[in-house]
Every structure is written in structure tokens, then in C-alpha cells.
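Below, chain A partners chain B and then partners chain C, in two separate complexes.
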Partner chain A sequence: MSRIGFKYVFERMPELRIVIFAGKGGVGKTTSSAALSYKLASMGRRVLCFSTDPQASLSDIFERNLFGKGEIEVAPNLYVLEIDADKRIAEYVESIRRKIKEMYKIDEIPREVEDYIESAVAEPAMYESAVYDAMVDVVAEGKYDYYVFDMPPFGHGIRMVAMADILSKWVDKIFEARKEALELDAAAARLKGEKLLEYEDQMLKELEYIRGRIVSFSRLITDAKRTAFTMVLVPERMAILDTEKAIEMFEELGLKMRGVVVNQVYPPQLLEDPRAPDYLKKRVLAQRPYVREIYEKFRDLIVAVIPMLNREPKGLEAVRIVAEELWESSLDLGALEALTGR
Partner chain B sequence: MPIVRGGQRFIFVGGKGGVGKTVVASAIALDFAMRGEKVLLASFNPVHSLSTVFQQNLSGGVIKPVEGVKNLYAVEVEVEDIVKSYKEKISKIIREFLRWAEIPIDPKGFIDIATTNPAFQEAATFDKMMDIVLKEGQEYDRVVFDTAAVANAIRLIGLSKIYGLWLQRVIKSRQEALNLRYQLSWRKDKVLEEIKKDPLLLDLLSLHERYVKVRENLSNPSTTTFIFVTIPTILAISVVKRFSDMVKAYDIPSGGVVVNMVIPRSEAERDETGFLKSKWEEQERNLALIRELFGDNILGYIPLYPEDVVGIKALETLIRDLEEFKP
Partner chain C sequence: MGERKGLGFLSRIKDAISEAVYGIALHGQVASIKRMKMYTEYLFMLMTIGDMMGIPIVPPYYTLRLLPYMVPNIKGWKLRMLRERDVTDIISG
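For the complex of A and B:
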């Protein structure tokens, strides 16, 4: 049975530069991101580990406050960027306000319009876009050998890929309609001897800009040679369903997921350990059917298995342990198959 | 004492993914039903698990009685089906309107713009939730919503506001257009007759009325409440904190916080492998944080069971534990 680990992924994909860890909340995306980044950096490559967690969990893992502080070197060659999405949103909204004021030559935005802006800020999609925007930005800068992204747990960014397509079509339609309307307006303006207002054009530009950003993001995560899109999951029902759904969505878009990382697998020895209470043993056993299900459903996709640790994955020492497991897993496919009881 | 103490009809259960929203929503619904209230449990998750929790087939997107529990009904809402029928509905309106207005244009372009709109799925889901709030839900004493993300439920209120504003605008310009037509016409009586039949205006007005009603229902603390589920981890706690602040911003008092998956102290003390103990120590710190943040708002604690909560018996145990279990 073949060994697994990211070592082999990098061997098979010589052009690999970007690794994305996605998955539902609490499965260990941030820990995996930190660990893989740490490993790559320890081999002498310049790595950026990117996270967007509003609760700054990379800060917890590296035991340092990194949130909203820009790119910070936490270990030799290992840079961490924990962006403050709310701040980015606030900046974006401010720029919109400025544009509205310029366009309409007003000093104060009317209450009614302000209501729209406030409701839009509350939209979760806003947060999502701000995050993806930041991802596109750092890759475009090109300062690092490797980029490791801890994807926030909403829609895995897949929705955004689908959106790129929908939005492109939608913007095209709007363009068509707008262009016709603009021509009519221009004709009417000529008749009345007026100059055509420029703001309509401005709006089209804004739409075009938004489309450009989403298309860039879509290219980034669907680049089969340079990017490995990876799902992290744990042996639990909802995590399995979520992963299945994600794979299905990927296929619908004609894409292939690079692999899945199975996290928090109880070490099999625990069952024989006299120090383990029955309650713990029951939990180990309760996990088995899900390990089996994962093995049966995703066998060909499993790129690494991380055992359940008996301590919190905090601090560089713990990151190092997870890093070794991610790079070359001690529980290989054979061990996993043995766990499924056949 | 029932889990949810207020008398609100609409109960939204939210929290971070994986904290056990569905199980808690099911327990809340079952609890009410066992106390004799007529309850509808509606799941809006992209992947449903009500069927698993109740060990019976509740799928198909229609309201079904839950077997083995009197007064309890459930529905697993199929978002994809809703999107499809919503598309058909919108297309029909557009076609009818163009025909009525005698605009000889191929409706396809308009239909495409309306239905490929990026927010279309949200709008369709929102429409379905409105239906349940305004129609189906009115026949029940309680409606428990199990939503994929809390954000969606809260967003619902925000959306009803933004759509309401937008609609007002559209209605106004529609009325202006009709007025213009009336002014310009030779045969005003005939035009007036026609205007009364304007399908677009009628539809906009009825939609607007729906939004107003939904807003009235959802932002009224005596009809709607939000219950948040958390587990003793920093990430889950921060999500609940964020959402309960959002709810507050809409002047809706949060109905309380349920703390799920708490490792019992006795089990942690028995463990010498470190697997439970280290988690339990972390949990102690996080429980202190939960108490600090939510204090009197905590509705109860649910122990971390060695096995999944599946079946009505397991839910009954959970309901009992929620009242008695102390971490």
C-alpha cells in the first residue's frame, strides 16, 4: 500500500505553488495550513500562510498576535498574513461612498441610499468577496515561492467559481442593455443639446472591475497545475456530507479536487490502552464507521491522515508534529484500511 | 420548563457549522410537541439531516408528520426545486407583462437578466421562508427553523429591508410611467381600465405587502426569537457572539444560547491518556468565556455523547440533559 502525504503531492505536481485548505468549520483547516507552511519553510522556501479568521486562530497557533498586522515572519522563511476582512470592507464601502458623492456632486449621501449601503455591508457575501480579493492580491504580487490558503468555511469558494461564470454572463447582459440605453440617451441628449452624464459609464466600469476580480479568483483556484485545492475533513457525518457535496459541485463545474486530508483520526492503539476510560474507547469505536465511509468514498483522494493529538495544536512544537504527519502520514492507506475492519 | 421559554411562534436556530444546530432544533421542536403544541420543524440546510435525526424519511420538500410524535411536523426544504419553480414564476410574470404592455420584444433577455442574477438563489430561498412565515407557519403554534448558517436567518431580515426599499423605488417609477401614459392618452377611461390590470404593478404591490408583513413578523420580539448553539471552542463562540450582536442590531432580543458537546468532568478525570483531559482543560477556559459573554442567556448544557444523537429516544435524553446536566 502506497505511502501518503504532501511530499508525494509535490512530487507529482512539479509546478505546484498554491495549496488551498477548505472544509467546514472546526475540521482543522487553519492547523493544516500552518503545518504545511511550516514544513515548506523549513525546507528553505519562502512561504506565505494566509488566513482570514476573524478570531485570529493563526495567532493562537503561532502564539502571537498577527491579526490585521500585515505579513509577519513567524519562523525563518515563514510569513503569516491574517487579514482583517472587516477593515477591507469598511475601506471598500468608503470608496463607494466617495464615488457616489463625486458622481452626483453631493456632500452628503441621502438617508435612503445610506440604508442600502448599510444593508449591503451586513451581507455575508461582502465578507466573502473581501477575502477572495485579498487572496488574488497576494498571489498577483508574487513575492513568495509558495502560498498556503486557509479558506474560510463558507461555500469553500466553489460558489465563487460558479459565480464567476454567472456574473460574467449577467454583466454581459447588463452591458448590452446599458449600451442600448446609452445610445438612446445620447440621441436624446443631442436633441436637447445636453451633454451626457458620465456616471452611467462609471457604473459599467465598476461592474467590469468586479467581474475582473471574480474571474481572477476563479482562475486562481481552478488552475490544475499550480494550485492544489484540498478539503480537510474529520470522521463525522456532516463533514463527510459536506466533502461529498463539494466534490459534486467541483465536478459540475468540470473541475477536479486535488485531494482530501483526514484529520482527528484516533490512534488505533488507544483501544488497548488501559489508561483510556470506556467513554473514550466508545468514542474511538463510534468514529470507526465514519473512517470506513471516508475510506470507501474518498480512497483515491486521500492525500494525508492526521491522527488525533492528545494536546491542543498550539505552539511551534505542536505545529511541527502536525507538519510531519501532513508531509508523510504515519497512518497510511493500509493502516486506514485496517481500521475499517477488513 | 420548556427549552425555549418565550412565547414566540418563529424560532430560528443558528450557530457555526458542525455545532449540532439540527439536533438542537429537533430537540426544541420535539420538546414543544411533547408539551402539546403543534410544531413545524423546517430545515433549510443544503444537506439535510432531519431524516437521520428522526430515523424516518422526511425528505421531498413537503411537510410530513413525524411518526411517533404527536403534533410534530417536519419539512426538508429543497432549495434547488425552489429555485427552479421561482425561475418559472418570474419568467411567467415577465412574459405576461411584456404582452400586457404590448412591447414586441423577445422576453428571453429580460428573463436571463432576472434569473441569472447572482443573488437569485438567496432571493428564492428567502421567498420560501416568507411563504412559511406568512402561510404554512400560521397553522402551527411554533415554527422552528434550522438554517444552514445563522447569517442566512439574520440576513433574511436585512434582505427584507433592502428588497423593500428597492421595491418602493420600482413601484414608484412604475406608477410614474403609468401616470404618464394616462396623461398622454386620448382615451383616459380605457387606459385607466388597463392600468388597473397592469400585472407588473399588481405583482410588485403584493410582493411589497409580503415584505412588510414578513418584516413585521420577524422583527417583532413577541413573534420571533433566535436561539444560538455553540460548543466550547473559541471559533464557535466567536460566531455566536458576532451573530447575537447582529440580531441585537435589528432590535430582536436573542432567545438564548445552548452549549453543546460538553465533555463531562467525571469522564475527563478518569482519563489518563491525555486525549480527554487536554480537551477538557481547554473546555474549562472556553466555558468561562461563554459564561462571561452570555451569562443569564445560557439556556443549558448538553454533554458530548460518545455516540451520535439519532432517534427520538436519544433526543428525549438530550432534552432531559439540557435541563439537568451541569458541566
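For the complex of A and C:
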């Protein structure tokens, strides 16, 4: 009963296909993503591990340059996609510019339009939207058995889920406004005996497309059967607060947070080990209040515990160690309870 | 020849009459329809690329897809939206 690990999550959720790791920077999201992907791939499933980190952490972990290189197989069945969101945005915006130039047969974008494009690109929401769009893309392609997402620290992400409903209604309203404009156009053309020449159809198609993307993203995140949204945290004050806030936000939106992964926990055996240096024992004790807090606040949500490793998880060998801990944690809830010092 | 001339004359008269009818009966209507269309167009733009006026609505990542269709209207729209208004504007509607 107290055994924990992703093995049990997958047993409980037979349709689970998408695992999302979220959390503050530096808590081990990328490591967890890499490790779980590795484990699933080692069981013979095709897995895509997706990251967007501009610091290219997956490249660090797998010790090869993957950033912006597309889907690369780093181990049998394990594909890694570390997207270069900035490049993606640049290409996307360039395609918009090209379209404008072609539509109006002009060589230069009008100043006021160019201003708008530039300010849109500078928005932080742009980066996130590009990432989510890429997420929708890879899942829609459906080439893999499992998708593991290393989510960038979110802000707009959750808001986008909250907005999916509103945006869907917004598109409805826009549709009405558009149709009204179209009718007026048609009426004027009829009275004047002119032919109607407009891009209306394409515009309505674009609107439909936008709605489709936003709704798909919302479904991807909120699907209770296929998706497990997981937060990674470490026994530290800020990480705990952040997780609490995220859970609250989730509940407000009526979403289900599947669980939390507790990373960097010093094993309790260290306290009894006569060979363990004093400073390590001190650290175990220093962690205690936070482990206790985590245990008390998130007990029912804990899906895995990763012990503190001797070294930074780099290379496939280290990933394998973390993978085993994620799959079936050596520190179970009992061990965690022991760590709380009660 | 004379007949054709007559026909040309008749068709000119027909054109003139139809233009007069259009002018008397329809032009006002067409103009007001066009004005309404302009308002719906501007409303639409406000609802989509409102962030150009500082009203954030939808992630710009997606509204950019609509931008090309609005290019011809943007200048007029911005002028209209950002124009200073005074009492005479309100009185004259």
C-alpha cells in the first residue's frame, strides 16, 4: 500500500500516454522526464521526451547536442526532442510576413503592421504559446506510444487551459461578427451590382484552426485518462509553496493534478550509517522539517521519491538510476514518514 | 445605322436612369451598409488584435495568423481608435 512509483501510476491508469513534469526551475523536471522516458523505452515502447529548455538540459543529461535538432534517438526507442522555441517563432513570424507580402504584392510590410509583429514577438506569452503549439503538434502526429513533457515553468500555460473555454466562446462571437461583416459586404455588392472579393472564407478557417489548437492543448493537459500532470519538488521552502499554489490553481480550474515527485531526498539510513560524514547527517536533519511538510501536505499525491544522488545525473548510466527510483521508489511512504522524525 | 445610334442613345438613357435610381434610392443605403461594415470590421479587429491598442485578448501567437487579412484596415482603424474626440464629435455622432 505504501509502495510508490510510476509503475503503480501506469497500473492504475491503463490509458496513460502522456506524462507532464512541471515545477520550479532546478527541481529536476528535466532529469525526471529523461529518466521516465528511458524506463518506458527500455520496456520496448516508443517514447518521445520533449523539452524546451533554452539552457538545453536534455542535451546536458544525454551528453550530446540535441537542441533544435529535431527528434533524435538517443537510446533504443527513446527519442528526444529539444525544441528551439525562438527559432520556431522566428520561422513562424517570417511565414506571416511572407504571406502579407504575397497577398498584397508588396515588398515591404507597412510600418504599423511591422510594429505589431515585433511587439508580439517580444511578448513572453509568445514563447510559451510556441511551445504549447509544438506539444500539440507532436501528440497529434501520434508517432509514439508515450510522450513525456518537460514543461517550462508555467504561467500562461495554466491560464491557457483556463482560457480554452472562454477562447472557444470568443471564436463563436468572432464568427458572428465575421458573418455579419460578410453579409454587409454581400448586401453592398448586390446593391451596386458588383462582385464580392474577400478573404472571408480563409479567415473563418483560420479562426476555426485557432480554436482547434487551443482546445487540443487544453484537452492534452486536462485529459484525466490519458495524461498525468505531475509536479516535481524538492524539500525546500519555495518549492513546497510553489507546489501548493499550483495545486490550488489546478483545483480552481477543476483539473486534476495526478501527483508530485519528491526529488533530492537524503535517505534516512544515512543517519544510522557510521561511515556517513557529519555534514551529511546534518543535511538529513536540516531537510527534516520540509520532508515533514511535504509528507503532511501532499501525502496522497506523492507518486515517487528520488533520493539525493552522489553526483549530477548525467549520461545514460545516471539516468538509469533515477529511472529505477521513479519507477519503483526505494524510499516508500513509510521511509518518508520515518524521515519526518516522528 | 440610325437604329444602332438610337439603341446607343437608349442604352445611354437606360444607364443614366439606372444611375439616377441608384443615386436616389440606393446610394445612401450602400454607403450606410459600408459604414456598418466598417464598424463591424473595426470591432472585429478590436476583438482579435486588440493588443495593438493595449488590450490583450488572445495569445498573439494565434492572432498573428489573422493579421494578413487585416492589413488594409489597420491604418484607418488605428487612426479612428486613437483619434482625439471632443464635444462636436459626440454631437455629430
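Here is the rule we use: the second predicted complex is superposed on the first by the 297 of 342 C-alpha atoms of A that agree within 3 Å, B and C clash if a C-alpha of one lies under 4 Å from a C-alpha of the other, contacts with A are read in each partner's own complex, and residues count from 1 in each chain.
By our rule, a contact is a pair of C-beta atoms (placed from the backbone, for glycine too) under 8 Å apart; a residue touches a chain by one contact, two chains touch by 3 or more.
It should be emphasised that the depicted structure is a prediction, and the values quoted were computed from it without experimental measurement.
Once chain A of one complex is fitted onto chain A of the other, the partner contacts of A:116 extend to both chain B and chain C. Once the two complexes are overlaid on the shared chain, A:67 sits clear of chain B and of chain C alike. Once the two complexes are laid over each other on the shared chain, residue contacts for A:92 go to chain C alone; chain B is not touched. Looking at the shared chain after the overlay, A:177 reaches both chain B and chain C. In the superposed model, A:167 makes contact with both chain B and chain C. Contacts of A:8 after superposition on the shared chain: neither chain B nor chain C is touched. Common to the chain B-facing and chain C-facing surfaces of chain A are residues 112, 116, 119-120, 123, 125, 167, 170, 173-174, 177.
Chain A meets chain C in the complex at residues 89, 92-93, 96, 99-100, 103-104, 110, 112-113, 116-117, 119-120, 123, 125-126, 128-130, 133, 156, 160, 167, 170, 173-174, 177-178, 180-181, 184-185, 187-188, 191-192, 199, 202-203, 206-207, 209-210, 213-214.
Residue ranges on chain A touching chain B, taken from their complex, read 24-27, 53-55, 57, 60, 112, 115-116, 119-120, 122-125, 153-154, 163, 166-167, 169-170, 173-174, 176-177, 236-239, 241-242, 245, 266, 270, 273, 275-277, 279-280, 282-283, 286, 308, 310-312.
Interface residues of chain C, counted against chain A in their complex, comprise 22, 26, 29-30, 33-34, 36-37, 40-41, 43-44, 47-49, 51-52, 57-69, 71-72, 74-75, 78. Taken together, the chain B residues at the contact with chain A in this complex read 16-18, 46-47, 49, 52, 109, 112-113, 116-119, 149, 151, 154-155, 158-159, 161-162, 165-166, 233-236, 238-239, 242, 246, 264, 267, 270-276, 278-279, 282, 306-308.
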